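Chain lettering (A, B, C, D, E, F, G and H) follows the sequence in which the chains are written, and residue indices restart at 1 in each chain.
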Amino acid sequence: MAKGKIVIDIDMCKGCGLCLAACKFAVTSLSQQGQSNKHGYRYLTAAQPEQCTGCGMCALMCPDSAITVWRSTKKS
Amino acid sequence: MAKGKIVIDIDMCKGCGLCLAACKFAVTSLSQQGQSNKHGYRYLTAAQPEQCTGCGMCALMCPDSAITVWRSTKKS
Amino acid sequence: MEHRCIFAGFGGQGVISMGTLLAHAGMVEGRQVTFFPSYGIAMRGGMANCTVVVSDDEIGTPIVKDPTVVVAMDEASFDLFQGRLSAGGLLFVNASLVNKRNSRPDIKAVYVNATEIALKQGDGRMANMVMLGAVIKLTRMVSIEAVEKAMHKTFPQKLQPLIGRNLQVMKLGFEAAQ
Amino acid sequence: MEHRCIFAGFGGQGVISMGTLLAHAGMVEGRQVTFFPSYGIAMRGGMANCTVVVSDDEIGTPIVKDPTVVVAMDEASFDLFQGRLSAGGLLFVNASLVNKRNSRPDIKAVYVNATEIALKQGDGRMANMVMLGAVIKLTRMVSIEAVEKAMHKTFPQKLQPLIGRNLQVMKLGFEAAQ
Amino acid sequence: MGERVLMKGNEAIAEAAIRAGVQSYFGYPITPQNELIAYMALHMPRKGRTFIQAESEVAAINMVYGAAAAGMRSMTSSSSPGISLKQEGISYLVGAQLPAVIVNIMRGGPGLGNIAPSQADYFQSCKGGGHGDYHLVVYAPSTVQEAADLTAKSFDVADRYRNPVLILGDAIIGQMMEPVTLSEIQPDPPPKPWAVGGARNGRKPNLINSLSLEEGVIEEWNWLFKAKYEAIKQNEPMLEMLRCEDADLILIAYGTTSRICKEVLRQARAKGLKIGLIRPITLWPFPYQAIARAARKTREFLVVEMSLGQMVEDVQLAVLGDAAVHFHGRPGGGIPREQDIMEIIAHVLANKRAGAITTRGTVIDWKAS
Amino acid sequence: MGERVLMKGNEAIAEAAIRAGVQSYFGYPITPQNELIAYMALHMPRKGRTFIQAESEVAAINMVYGAAAAGMRSMTSSSSPGISLKQEGISYLVGAQLPAVIVNIMRGGPGLGNIAPSQADYFQSCKGGGHGDYHLVVYAPSTVQEAADLTAKSFDVADRYRNPVLILGDAIIGQMMEPVTLSEIQPDPPPKPWAVGGARNGRKPNLINSLSLEEGVIEEWNWLFKAKYEAIKQNEPMLEMLRCEDADLILIAYGTTSRICKEVLRQARAKGLKIGLIRPITLWPFPYQAIARAARKTREFLVVEMSLGQMVEDVQLAVLGDAAVHFHGRPGGGIPREQDIMEIIAHVLANKRAGAITTRGTVIDWKAS
Amino acid sequence: MSDTDMQKIAGRSSLWNDRPSPYCPGCGHGVVHRVICELIEEYKLADNCVFMAPVGCSILAYTFLDLDVCQSAHGRTPAVATGIKRSRPDTFVLAYQGDGDLASIGTAEIVHAANRGENITTVFVNNAIYGMTGGQMAPTTLPGQKATTCPGGRDAASGMGHPIRICELLQSLDGVTYLARSSVHTPANVIKTKQAIKKAFDVQLNRKGFSLVEVLSSCPVNWGMQPVESLDFVANNMAPQYPLGEYKVDGVCVAPKA
Amino acid sequence: MSDTDMQKIAGRSSLWNDRPSPYCPGCGHGVVHRVICELIEEYKLADNCVFMAPVGCSILAYTFLDLDVCQSAHGRTPAVATGIKRSRPDTFVLAYQGDGDLASIGTAEIVHAANRGENITTVFVNNAIYGMTGGQMAPTTLPGQKATTCPGGRDAASGMGHPIRICELLQSLDGVTYLARSSVHTPANVIKTKQAIKKAFDVQLNRKGFSLVEVLSSCPVNWGMQPVESLDFVANNMAPQYPLGEYKVDGVCVAPKA
């Protein structure tokens, strides 16, 4: 099980991509061209959720608070 | 003969006394109480003109440009 | 005769250039024209639209509440402007991106696969030209020649070589519309 | 009956306190009064003046162009205000400092050696009280008692002990005036 | 205290405001209102209230905006050029529905002008010096007593309608000392549940704001403001009428000029001339109806102002051709003279609107042109 | 060039000013006039003329004051809140007799409001938003072409009378693109021997100033200004009259609303209704006389504004009871609708002033209240 | 979602309701808002706080923040904040300003509020451009940077002025207790921004006077850049011109160390 | 009087006509005016120069100076001067301002004119009070100093603000070429003042940008002092608060050495 988990509020996302650049673990990517949320924006998806460390960097950079990050409390 | 000479424009003088404080040679004093120029001010007089060195300090301090200072060009 | 047109779409879909081209073409033909952009903070958030009036008479307000023509380049624009069209008006829909169908019986909807057609010609961004072709076909507001002249007048130097291609794409729209 | 008075002099001659005292005294007697100072940059350059109107009726403007009473504490004031006095008016002159004589036949000039009298009482700055005494004697605008009450009301705490002396000096002016 | 004291208008206004519970005063020096700010500087801190000499008039009006937004009775004062600088802020106060009291002790203009009395800011005060459709309630005191009384009242009116109120005086009202009785007031400001700050205790967030980019919202707000203005027009007009019943000619003047006209009235009546006087106390709402009623009986009106003719337009709007409106005014700090007014009265009563008159600043049968 | 081009109003105003020889432009960004300052930023430096984005509207109007004092054709532009901030500066321009051109592209107010078109700054523009007795010459264009033409004219008028001129547009005039023909102009500003700076060559010192503390001087200056204003009233009123000869009802509107009214006029005439239109082009001087003359024949006037009723006062002052004045207006960015105006016309013509009407913002038989 | 073994590390502040912000994609305002909201929550100030929205893009903050909001006229936020804070000394006043607002039209107001030592906290978002009005030059626009009112790029030699460094400008004023410049172009800088604003909060909460944090931010739309690109611009172009770090701590000037 | 052996050492400038100044006895404005007039004469600028009179006591300068004078609205002298100088780059523009004018209402205008590097020379007369309006607190009023709007003495702790040091404030702006503070309370200081203003003249004449000289001056009337006493106040109270010397030379910041 991944150490971290992100929850994306799709309709808050504006597809700016700032979080992508911040994630060192290539967890996320944007939705396909043409696939957009109710405001017309492409949005963030967790393409490789298993890689998520729960470091929270993505959420730190998100201007729209579209990402919630959870981290495992279990010591590994 | 004095080294210097001051000429006072009585009606420009407001009797503030700044020049008095500046003169190290006690050349000047204010007119008597009650003796005033056409604007109602006591004014500067050269009480001891012979002491004037023409240093120009009084004129430097005069806010009303009421004093003209002349200095002897003769080397002493 | 007065045509009151709203061009609406997502930023980057070229609705403003569509509008200015039409306005210029109207001017070329000696008609009365006004062009009115959305402006200020309303530009935010991706939506863009503009209003063009082409008329034989002096034009009242260039802001139009009851358009006779609406061009909806995407779904959000479709949702916003379908209802505003005046009875008997024409609704041009970019069917490549809009999945909805017109629900008003008192207007005529025209579906054009504009993005698709443009993509086939090598550049999806020319979907606006496809739509413009469709609009002038069904409204006869201005002639193709007038639009061509308008292109020559308004395209910046470096885009002038593209006029031919734009015209061609527009004509495809002209043909597709019915 | 309306008395329109201008008190004028050099800064420090106490023309403002003269004016306020008179205004207060008028109020004490239940009359209508206004006091109007010169203000702003006009205060510069040493001249000071104020206007007091004491009347049985409501007072129009507290700024007076045609005074019925002028008190000139020094020569500059004499020069400035002599001409403004209305016909039949009273010109009170501090003869100790003003060497000129009234040249208008239609007014009455009253010469009081105010500064001299005050100096004899030990303080030249009380010349204003001498003049005030002269003014109320010849105009009967207010009573001596009213001025006394006004002094009690307006003198700050630390000056209250001086009321007696001021009154006395004022009475000298009262007597001197004719 | 209730005692009768001799006070400058500027000081009486300040003291009245303090008694009416002004909690925050922000000002900037300018002649001829300096005694007002100085009085506040001395007395407000002593009472634990806020006094700030702001860095400018612009800052002062915006501090007023802040204090009013926080629910405080707030005030600023200035004179003509300073009031011009406040116009944006005043429009914001209206737009955000914030109560406040603004004092303008007018001086001669335009530009830097001089520091003499003037009434040339009537238009600015009553027709909206700032941008947008709005009105201030405008009080025009003519004595120091009235200046004090109207100031106290202003705070209540501002609070009641959530709209700024302007006290419009001039250098004479501000500088003159007159006897005045200042009564104790128990300030009773209404609750201000809309104010920002303070312990919320679970209430919804408040918003102080004059902007909306949603279509139609600002229009709706304006309709709301208009409804308030209609209520003010119903409830708040104030005026004084003297001897108008049998008048052949009615003088109309406010503030300082009304004092001069009262004197003229006395003199004229003493000569047997049937003169009346109308003195608007609220310049906005303007007492149109009372004047319109008077115009049904009296056929000659003479408006006197310390300006080139501003209130005269409102008088004309009230009279609407039912009577002749004449005008006498002096601009830039000039003060109308009793004898000039008497002369005009004589002329009008003799010629009944015809003929020329030489008194400068006089228009017989004034029409907008 | 004289070619017909499609241009935004904001840009056409800028280009016309450049052709009219504006030497110095100072502005500050605000929607909906931003294209004007951007156009100036691009073109003025290229022509070796002065462009500054000032730190604020206050600074901008004072830079205009400086450049005008130095004898330059100078200009600034803004929108409602920014214009409010300029009021002190405008009053100073008048007081120092400096020519300048000011553009106000009005938006919805009060306060920050919105960026929709509005005409709610009419009072501010025409009655004096700043302090003191003064007037600006106020032009109200209704098309992009006219905006350009009037801008060019403004510089001449400002120079001729040494008084600032205001171009009063709204968001529609500023944002709309329309065909416009811009002609070459040979600017011919008069000599300005009163300007400061430059080689004096022995002339006496010049003084640019609006202050005097000597008694009576400011009053004299005001009389001088008044004489100028009388000359302007003689020479400069402009208006358009359409089909008023046989009209049963005359619409009165300016700027954008006049376009709507023209459309109404066409529709109404098509229905056989005898409607006319008066469109004031100068709001100050207001064409009182032309309207008064029209009121001798036509008994019904309908004033339409994008405001709660401002110009309607001037119409009433012109008509003075000779005809009924009705009003329809929408505030805060609302735009009057043709069908509403048609409805009111029908009502008035049918009922002849009686009865109620439900269209919001409409007053049948408008009276100042 | 709330796995029992999972702990929430980051997410939306409870003060941010469910409406999306009105900002463009990638706009720095959102990050700064979030940081402020987090601090208000951490300090439990939400019930006794006023967020001052300036004229600028962030005027729309009220549309999604569940706080008392007071909007002010362009540039006058410090004066309005003064009015509020003097009236209610116990209310936490957060003044939010843009660079056009604070460094251009509102210069006098910020200088004097700072000089009076008003006990307010100012967060100054410097994005080197006028956002709301569509991309005009700001006092903080960089040399050579293009904007609609300096289409050829800002050029001091042509009289367009130099980039104003607000921290350096305000440093000499005795009323200023805390002064820092930070940025939000990387996660690390976001964290530093939060630390700086936290210190500024402390100053106000301890009634120590005026505090201001300048935050370098981006305006991708008006810079004509993609959001990610715009972060590089902040790092490579803005930060060198506007050195990051603390400028004044406890009222004592310090040389900035980032 | 013109003894052949006598040489004129000092006297009234030819630009000062025969009307007395409107200033109070002992007011520092007169001295500063004279120094400026002397420099204008020495540089032969009288025929191509504008003296900018501010709102303040010196607005009346036109009553006795034989120069083109342009008066500006309160605080806006730098903006008006900008308008003139940009229009006529060859005209020498001398902007004269008081402390209320420059340091209070006109803060934004002076900061931005300085930041733009406007090629004008500003002489800033700091007399720690509002003179013309009758003695209100200025931004430069000293701690504890009384004024009509701080009757108990200026007290920063009560929110009245600290004395603003304009040279220190403007120092960080890149557009500023020359910046100095001097005084006119002794003959030696008058001479230094003239030297400083001369350097400021040179900056403008060489088109090097913005220059400003702050001159500590006295307002005996509103300080409630005798003129001579007021000089002591400048020496003993003002100078320590406002260190004399040069703050910026050739655009480089220097530590002031009196």
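The rule we apply is simple: contacts are C-beta pairs under 8 Å (C-beta built on N, C-alpha and C of every residue); 3 or more make two chains touch, one makes a residue touch a chain.
All figures in this text were calculated on a predicted structure; none of them were measured in a lab.
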item	value
Where subunit A and subunit F overlap in contact partners, by chain label	C, G
Chain whose average C-alpha position is farthest from subunit E's own	A
Chain centre separation in whole Å, for subunit G relative to subunit C (CA means)	41
Computed distance of Cα centres, subunit B from subunit A, in Å	85
Inter-centroid spacing, subunit C versus subunit B (mean Cα positions, whole Å)	87
Residues of subunit A whose C-beta touches two or more other chains	39, 41
Residue numbers of subunit E (touch at least two other chains)	31, 52, 55-56, 58, 81, 88, 92, 96, 111-112, 115, 209-211, 213
In subunit H, residues with contacts to at least two other chains	23-24, 59-60, 71, 73, 86, 104-105, 107-108, 111-112, 116, 132-134, 139, 159-160
Contact footprint of subunit G on subunit E as seen in their complex	23-24, 26, 50, 52, 54-56, 58-60, 62-72, 74, 88-89, 92, 96, 196-202, 205-211, 213
Subunit H-facing residues of subunit B, complex	4-5, 7, 9, 11-12, 14-18, 20-22, 39, 41, 54-57, 59-74
Residues on subunit G engaged by subunit H in the complex (per definition of touch)	86, 104-108, 111-112, 115-118, 139, 156, 159-165, 168-169, 171-175
Residues of subunit D that touch subunit E when the two form their complex	20, 23-24, 27, 33-37, 39-42, 57-63, 65
Residues of subunit G that touch subunit F when the two form their complex	55, 59, 71, 73-75, 100, 104-105, 107, 130, 132-134, 136-137, 139, 148-152, 158-160
